[in-house]
Amino acid sequence: VRQGFPEVIYCSNKPDDYLVSIYCKMFEENGEVFGTRASIHQYEIVKKKLPQVQYDEVSQILKIEKNDKKLTGRIAVCSAGTADIPVAEEAAQTAEFFGTYVDRIYDVGVSGLHRLLSKMEVIQKANCVVAVAGMEGALASVLGGLVKNPIIAVPTSVGYGASMGGLSALLTMINSCANGVTVVNIDNGFGAGYVATQINRLAGGK
Amino acid sequence: VRQGFPEVIYCSNKPDDYLVSIYCKMFEENGEVFGTRASIHQYEIVKKKLPQVQYDEVSQILKIEKNDKKLTGRIAVCSAGTADIPVAEEAAQTAEFFGTYVDRIYDVGVSGLHRLLSKMEVIQKANCVVAVAGMEGALASVLGGLVKNPIIAVPTSVGYGASMGGLSALLTMINSCANGVTVVNIDNGFGAGYVATQINRLAGGK
Amino acid sequence: VRQGFPEVIYCSNKPDDYLVSIYCKMFEENGEVFGTRASIHQYEIVKKKLPQVQYDEVSQILKIEKNDKKLTGRIAVCSAGTADIPVAEEAAQTAEFFGTYVDRIYDVGVSGLHRLLSKMEVIQKANCVVAVAGMEGALASVLGGLVKNPIIAVPTSVGYGASMGGLSALLTMINSCANGVTVVNIDNGFGAGYVATQINRLAGGK
Amino acid sequence: VRQGFPEVIYCSNKPDDYLVSIYCKMFEENGEVFGTRASIHQYEIVKKKLPQVQYDEVSQILKIEKNDKKLTGRIAVCSAGTADIPVAEEAAQTAEFFGTYVDRIYDVGVSGLHRLLSKMEVIQKANCVVAVAGMEGALASVLGGLVKNPIIAVPTSVGYGASMGGLSALLTMINSCANGVTVVNIDNGFGAGYVATQINRLAGGK
Amino acid sequence: VRQGFPEVIYCSNKPDDYLVSIYCKMFEENGEVFGTRASIHQYEIVKKKLPQVQYDEVSQILKIEKNDKKLTGRIAVCSAGTADIPVAEEAAQTAEFFGTYVDRIYDVGVSGLHRLLSKMEVIQKANCVVAVAGMEGALASVLGGLVKNPIIAVPTSVGYGASMGGLSALLTMINSCANGVTVVNIDNGFGAGYVATQINRLAGGK
Amino acid sequence: VRQGFPEVIYCSNKPDDYLVSIYCKMFEENGEVFGTRASIHQYEIVKKKLPQVQYDEVSQILKIEKNDKKLTGRIAVCSAGTADIPVAEEAAQTAEFFGTYVDRIYDVGVSGLHRLLSKMEVIQKANCVVAVAGMEGALASVLGGLVKNPIIAVPTSVGYGASMGGLSALLTMINSCANGVTVVNIDNGFGAGYVATQINRLAGGK
Amino acid sequence: VRQGFPEVIYCSNKPDDYLVSIYCKMFEENGEVFGTRASIHQYEIVKKKLPQVQYDEVSQILKIEKNDKKLTGRIAVCSAGTADIPVAEEAAQTAEFFGTYVDRIYDVGVSGLHRLLSKMEVIQKANCVVAVAGMEGALASVLGGLVKNPIIAVPTSVGYGASMGGLSALLTMINSCANGVTVVNIDNGFGAGYVATQINRLAGGK
Amino acid sequence: VRQGFPEVIYCSNKPDDYLVSIYCKMFEENGEVFGTRASIHQYEIVKKKLPQVQYDEVSQILKIEKNDKKLTGRIAVCSAGTADIPVAEEAAQTAEFFGTYVDRIYDVGVSGLHRLLSKMEVIQKANCVVAVAGMEGALASVLGGLVKNPIIAVPTSVGYGASMGGLSALLTMINSCANGVTVVNIDNGFGAGYVATQINRLAGGK
């Protein structure tokens, strides 16, 4: 537990034996364990040792979580398109694992503005808003103009052609002329959920 | 007059003598003459030969226009920030020179969404909407979701840092997930005014 | 039906269950349904529920279309090489689904100029020309100089080496010095067919 | 005053008349006025109308500030090299204008690690740390591992050669594997000071 | 005289003294001297020592040439726009200095195809065609399809926005799907004139 | 047979039926047929109809060639590393198919300069030298300084890391300060063999 | 043995027969043989002929090494994350094969600074330090400030999103403002181990 | 004196007062002072306080050096073109200031290979070779194959067009397939002189 946050395992490309052993070790030490970017295969090998482990195919999160977790404060995770949901879920579930209450507002891309506007009341209540979008990534700018608390923008690799694996969305977000927008790496839902939790805790959501 | 459009002079970097001579020749032939990207210096040298020539410092347009021009149809030119106005004016005045009626809706960037929404009634009447924006360039996507006619997106070189001279805005616009958005080169207000006129004419605005 | 256009499904990466359910729902509501970027696998799973669904392997379009569709107005879809045909067909079939009459002029790349010139008569009749090309993407510029109506340029990812997945063709087209050329994303045949239909309708092709 | 923050003027490239008039108008309305990226020339023309205006050549901030401003909470602004100080000051003075107490810790680049480590005690007290660095931009990552609150990373255009005007530092920071790091645009000290204030207020520093 | 070609001076940024001395030395040795990328200032300082030196402001070539030069063989130098003429002239005059007969065909950009087609008879007589173009650079591809001898494509830095100082034109030309096209560096008229001369000599133009 | 060159088939991604039919048609018309970038699978399907077809796994060339072909003139194809041989062979066999005599000089990369220097006598006899290299692509520059006839530089996609699929080698070659170097697309052995043949024919090798 | 270093085989993509034959030939000549980037498949085919060959799956090194090798001098190989170990091992084992004594210090990324600082005593003893890191690549800069001997920085392709296959880490390292840092290609552990050995030998470790 | 090296001042953009004061302070402390990237203006202001200061316009080095400096060991600084000499001199003079004996071998670019080869005897005596080159940067690779000690490659910003301010040369050098080549930032002569000195000292040149 560095800095009040339990360690999180980045499962991608970890060798099988090594992964199973750290899952076991961390579960033993903390009574819970949380990993991102896990494959179904990794789920299966961990389950053999830790049958209570849970896997979410959408977010690729593999975890054992304590039962009595109380979620406090309030953040919002917004996403533009259906294809951005995996990244949004990585953010939301990471924040929840760290004890943060999360409102999910999905499918509110700026090309259908009225859907987004109809959800503003709940979004404006958040201590921090995570804005997940690929393609042109305009969601963060629009939100930045509408909410008073920080926006954590997460570009996603969703798109084709000139989206360049998320670089276009990243550039859009970095160039945002709305105040209060900061950016994390492409597809880094984990990082956004982490920072959103830091802010939510500072705001009293402990 | 190629394809029903009078020839337009791209003044940038034209040698002085050459510029003055084509202004004179085109004015003689057509009774009017229109040039973009003109400097004050170019204005002054042309004025010596053609004292009636008019120069607009904002759009850098240098022209002699016929008095009785009737503007028909209807397009809208929208721009995000104050710094985008020169490009927006290049688009608007180009379209007007070609006989198109233009509504100007400036300073409606997406980080101040309510200003934009309050102008939608007039924007939605346009046969074609020119959307001019630098920085993150999200204006085109938001408009694309709100209007039923084509959007011509013009990225501008306004910005700093990762805006890369307009490339970021260009990528945003090319990746737009809103329907009906097509894109021209960075700062190419002229090109947008030209295409908007083509569409306006097809729509009956002749 | 937003803005007079039926909703279109972007099939790529949609989960099976979700895809089948929206195909069913949209067919029920509209008596027709249209999706792009569908795989053969997606065709097969949708066919189980909607046996009348039709799949075109070239364009990857998966649709049920009303029988009595009347095609009005006139656009042209031109493509440079054989390998660009899938994108050209996405554009053409999209426009047809929206009720637009389409002339297909394929294999008219600029390195064989006489083939292109021999087709100019029919191309010049179009309200809007879609120009599909990969590699160096010069087709749009050449067409821009020859036709009086708007050109929608579609760069394709066809090519190798320095084509950079279509970025070279995109840059060529964005830098076109021909008037009347606007650009959509790499391989975005759908977007081109959509805008071409908007323009065709404004031109009276309703 | 949108969202509890007084409006800030981005002076760069604003026409003289226009700049003077908004300075006057905003001073009248709010009894204070704050602008960034102002030139000495702009200082001189504004001073003619508002003799009490103050200009800081380092940060390029041009302002009239109320006397009785109370600074609350606590943030830290850290910078790597001497050349990064202008951006660091833009961040620090922006935060102070918004009422935030700021600790400045300059010249703590990672190639002289012991200087940085000797300042950690004060840095760790901050509700939010702004990390300003050009060249290779490693400061944000090192800080991310040492402090528990959010880091706002500001890449600067300081550098030469492959620094590409700050893009290298931006990429370094976006790829940071330290938790709690989010990024704003190159040289965007203002944006960092704004977000740091948002976080500081949520943390009770009001 | 390396490989049958007299040495050529690349004047750009050469210190004044150094430049004058090599002009004098080479004139003494060869009875002629030829330099590219010379400024007016460099012309003036060289003229003091070598009053017979000639300067062409368009091509920036500074030379003393033997009177009795016989031009043999035949190449064509084609250029797209007026702004490409300086580079075209660097190519043409370089080839002429090396003894090659040159046909100049300027202002034949592909957006005005009929001008180009009307000149094909003379172009097809060339042993080698130099194609100079900025912006979208499509001229090389069109020529490649029309002539049977090699095309040397010279991208120019003419353009704005996404032309990226000539990189777009370079990419267009490198991706050309026309046979017989090879490419030199942006604005490298000298290099093209050199290779065209090599080919012209091999073809018997000696 | 356009411009004295038989048509060549670019096999990559051609549908099976279509490929077989053009192989048959072209063989019928010309008594020979030549295709590049063919897969083993394509070899097998063509062989069913044209059992005499020959496939070279290294160059991926699939052809039926006339028996009595006489090779005239002389070009050299040089390559840097073992991994560049497939591209070098595409160039060499293309040139041979067009009737050019080819000297192959492989494995003469610049990091083993003495091997290259030991082969200069034969290389200098060529009417045109094709220089094939990946990684840092320095071979073309070194050759450019050593031979008097044109060098056609072919960057290859061989390499890893910052070779960026051949873009680094392409940039090296385009920036060559050696005279007489022109460049074709990454891996475009065919294009180099074509141009080398054009030059060889002009030099009398017919 | 060029320049006192035995030849090393770059196995990647070598044809099976060719690979086996050079392994045999080099073993015969030198009594040892060393190859990098070997696959398991390559291990298996070589083992058939040379049963004593050893394969390390982590570093992908395939070798037969003399028994009596004495390791002299001292270098350190440091790596940032678990995923960088394969590249670190390529560097370390290459150096060892060339006779260099190596200290391995892994998992000392800058986001966990105290781990790195606790290892400084051993690192500072090295004649040369190899710093292997992906993502943001800050390790080289931090080390550069702490050690007096040269740092060879190896960016790795470890990362996702804006890491761009290692280009971000490469840029970070090239822009390092710490003295004594030089950089090799992405993932080029071999190259780093080679140079470190050169330096170690110069320092007397022979 | 960190790590046995006296501090060096990077003069570029330092404010006048600040620069003068550190020159005075460092001269007082060390009896010598050394700065890079100094302008003539900076020379003049420093000279007022320290009349013995010496300025070299070529390398832009501004220094006071002790008289009795003994240069030991041996490195070579090689450069490709005349325009690369400023960077080469920054490297050479930096190394000399640190006590290293330097052989200068200039104007040995790879397009004139025989000049380079005629100097190999002296180059091969160096403990470390600094290779300075712009444009295509091939010098480092050629040297890498010819010398047994480390090569420090310095790309320069010399060039035009696709040289992209030195990025092309940087990529060439990073991709070098010659062993023993490592790379520093574009134009970073100082960095190369520093590392060369580190290596020279390890080799006994103290």
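A, B, C, D, E, F, G and H label the chains in the order they appear, each numbered from 1.
Note that a residue touches a chain if its C-beta (ideal position, glycine included) is under 8 Å from a C-beta of that chain, and two chains touch if they have at least 3 such contacts.
This structure is a prediction, so every number in the text was calculated from the model and none was measured.
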Equivalent interface to E-H, taken from E-F, A-D or A-G so that over half of the residue contact pairs match: A-G
Shared interface numbering between subunit F and subunit E [over half = same, under half = different]: same
For subunit B paired with subunit C, centre-to-centre distance based on mean C-alpha positions, whole Å: 27
Between subunit C and subunit G, centroid-to-centroid distance (C-alpha), Å: 50
Separation of mean Cα positions, subunit H and subunit D [Å, integer]: 35
Contacts with two or more other chains, residues of subunit C listed in rising order: 161-164, 167, 170, 174-176, 179, 185
Touching pairs - complete list by chain label: A-B, A-C, A-D, A-G, B-C, B-D, B-E, C-E, C-F, D-G, D-H, E-F, E-H, F-G, F-H, G-H
Footprint of subunit H on subunit D - complex, ascending: 82-83, 160-164
Parts of subunit H lying in touch with subunit G, wherever the complex brings them together: 3-5, 127, 147-150, 152, 170, 174-176, 179-185, 191, 194-195, 198-199, 202-204
Residues on subunit H engaged by subunit F in the complex (per definition of touch): 80-81, 109-113, 135-138, 141-142, 144-146, 159, 161-164, 167-169, 171-179
Contact footprint of subunit A on subunit C as seen in their complex: 12-14, 18, 155, 157, 165-167, 170, 185-188
